[in-house]
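Heads up, the next two complexes both have chain A, just with different partners, chain B and then chain C.
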Partner chain A sequence: MKSTQIRQFLYQAVSLGMIIASALMVWKGLICITGSESPVVVVLTGSMEPGFKRGDILFLYMSKDPIRAGEIVVFNDGRKVPIVHRVIEVHERRDTREADILTKGDANDMDDRVLYTSSQHWLQQKYIKGRAVGTYF
Partner chain B sequence: MHSFGYRLNALLTFAVTILALMCAMGSLSDNLNTPSPSAEIQIMNINWFQKQPQGNDEVSLTMNISADLQSLFTWNTKQVFIFVAAEYETPKNSLNQVSLWDAIIPAKEHAKFWIHTSNKYRFVDQGNNLRGKKFNLTLHWHVMPKTGKMFADKLVMTGYSLPEEYR
Partner chain C sequence: MQEKKAETGTKNAKKANLLDHHSIKHILDESVSEIVTSRGYVEDVRMSNVRLLLGTIIIVIALFAQFYKKKFPENRDFLIGCIVLYIVFNGLLQLIIYTKEKNAILFTYPPAGSVTSTGLVVSSKLPRFSDLYTLSIASADPKSISAGRPVEFTKSVTQWFTKDGVLVEGLFWKDVEALINDYAAEPKKKK
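Up next, the complex of A and B:
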């Protein structure tokens, strides 16, 4: 093989490596900035229709602000797939400032109690991974 | 450098960037809108007020909700999700928010309305603190855009209270 061919191949390999590395940096940077493990999610179910349809892209942001009723949150209490639903009840304890939370999809008639793993009546704040702040097209 | 593949790649990248920019501008245009919503909630009747077998208080009430939320709508609004929450405090909890009723307003024409309804969702306390309880009814609205940032606000109406005794 001629040295120019080797050089070209190496050049392409390094370029590809740079592209992958910068994509990874942007992704990790977004995780840091938004404070959420998955700053961009795709809506997987139709339980939030007509607001969010299957396939819609949501931007998440996690701040230390307490969770309040009406917010659309992404939670994962040890299930395979995180769920994007709206908070309909909040009971915040005076002493610990921790809150018991109940969620429900806009298009569902029933709240999510049957979905919570470990048959808990309330969702703990720690299972909330992010708040939906915006949608892309 | 001028093959079909390169050109297609450049075109697609450019298109996606322009699309993202347009969505961002569309979202920013929502900030130009200054909403002036109004609402009024009357409790027409306390249907019943009981302590459940598990020990939690539950109340069923009928409300008259009227609101004018037309000023929330912009060209970039997909729908407005509204809900009425009873908000109160108890010795154990510094804040309780219980959603009693919600609705989706799909268009500006439907944003000025009047409804007579009992609570869609059960008003259950964590405990039995509701006798004689003073609470606020807050109308929350969440504007879901066609693209971009969602924003939310609320109107707090105070002065409601529950009966001293179960009935």
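Up next, the complex of A and C:
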């Protein structure tokens, strides 16, 4: 192959790589800004109807503020797919500030205890990946 | 020279998509590079190499950010570092492109064996909704004594393409070579 052809090919490959790199960096930037592993998630089930339907897009934000009842959170306690439900109970220890959290989907009859992995009865703060702060549907 | 032209005519007729002005400009620029290099000017690839290098560094930074061992939030500082580096290198690349490469399509070294001329900068312009292609040849080093005066011509691209988009190389070569001769024959700039 002539060297000009190699050069052209390299040029196109680098241009393509740079486009992909810029998309990647925008995503990483969003992760850093929102403080959440997955700053944008899609609602997968109808367990939060009528507020969120399947296919709605949620924007997440994670801050150091304590979790309070009534907030809609995304949690992942070791499962493949995170779940978006509302916090209904928070028990916070006065001394260590550690919290036990219980969640429930708005459209579900029962709370999420059956879903928690390893038969836990409460979620810990570390499993909360973010709060829903915006939506697009 | 004659047989080379006939060969390129039959082997790889250059075809452009007439509806896409990028395609037209790309083919014309490619041909210009061929013509200039066939006149004995060797291409100066330093600028092109710098761009390729910067582009590769940027891609590597992005790959680092993506495939780092630790997951969020432990890798937050590393991610921020990567993002800052990425912005810095992109800024550098844009700066270099903006200052050195305005519209240029080819840089060359001075022709071999000549002590009285400098390398060339060949630039071209084809505005978005226009059919007028502007080709200009200037000196790579405007401050040198032996730099020639910049020359240019503007012509409609319809003069060089057939209805099917095939580039009629003979006509185009004629125009470009005339421009090169123009430049080479220019009286040198007086100090």
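We take it that the second predicted complex is superposed on the first by the 128 of 137 C-alpha atoms of A that agree within 3 Å, B and C clash if a C-alpha of one lies under 4 Å from a C-alpha of the other, contacts with A are read in each partner's own complex, and residues count from 1 in each chain.
Everything below uses one rule, namely that contacts are C-beta pairs under 8 Å (C-beta built on N, C-alpha and C of every residue); 3 or more make two chains touch, one makes a residue touch a chain.
This structure is a prediction, so every number in the text was calculated from the model and none was measured.
With both structures placed on the common chain, the touch criterion links A:78 to neither chain B nor chain C.
Using the contact criterion defined above for the overlaid structures, shared-chain residue A:25 touches chain C, although it does not reach chain B.
Touched residues of chain A were counted for both chain B and chain C, and B has more of them. In the superposition on chain A, contact is made by A:94 with chain B only, not with chain C. In the superposed pair of complexes, A:14 makes contact with chain C only, with no contact to chain B.
After overlaying the two complexes on the shared chain, residue contacts for A:37 are found with chain C alone; chain B is out of touch.
Touch criterion not met for A:55: it reaches neither chain B nor chain C.
Within the complex, the chain B residues that touch chain A are 19-20, 23, 27, 78-79, 81, 83, 85, 91-99, 102, 104, 106, 121, 126, 140, 142, 144-150, 152, 154. Chain C meets chain A in the complex at residues 33, 45, 48, 51-52, 55-56, 58-59, 61-63, 65-66, 71-73, 76, 79-80, 82-83, 86, 90.
Residue ranges of chain A in contact with chain B, taken from their complex: 50-52, 68-72, 86, 88-94, 97, 100, 106, 111, 132-137. Against chain C, in their complex, chain A makes its touches with residues 4, 7, 10-11, 14-15, 17-18, 20-22, 24-25, 28-29, 31-32, 35-37.
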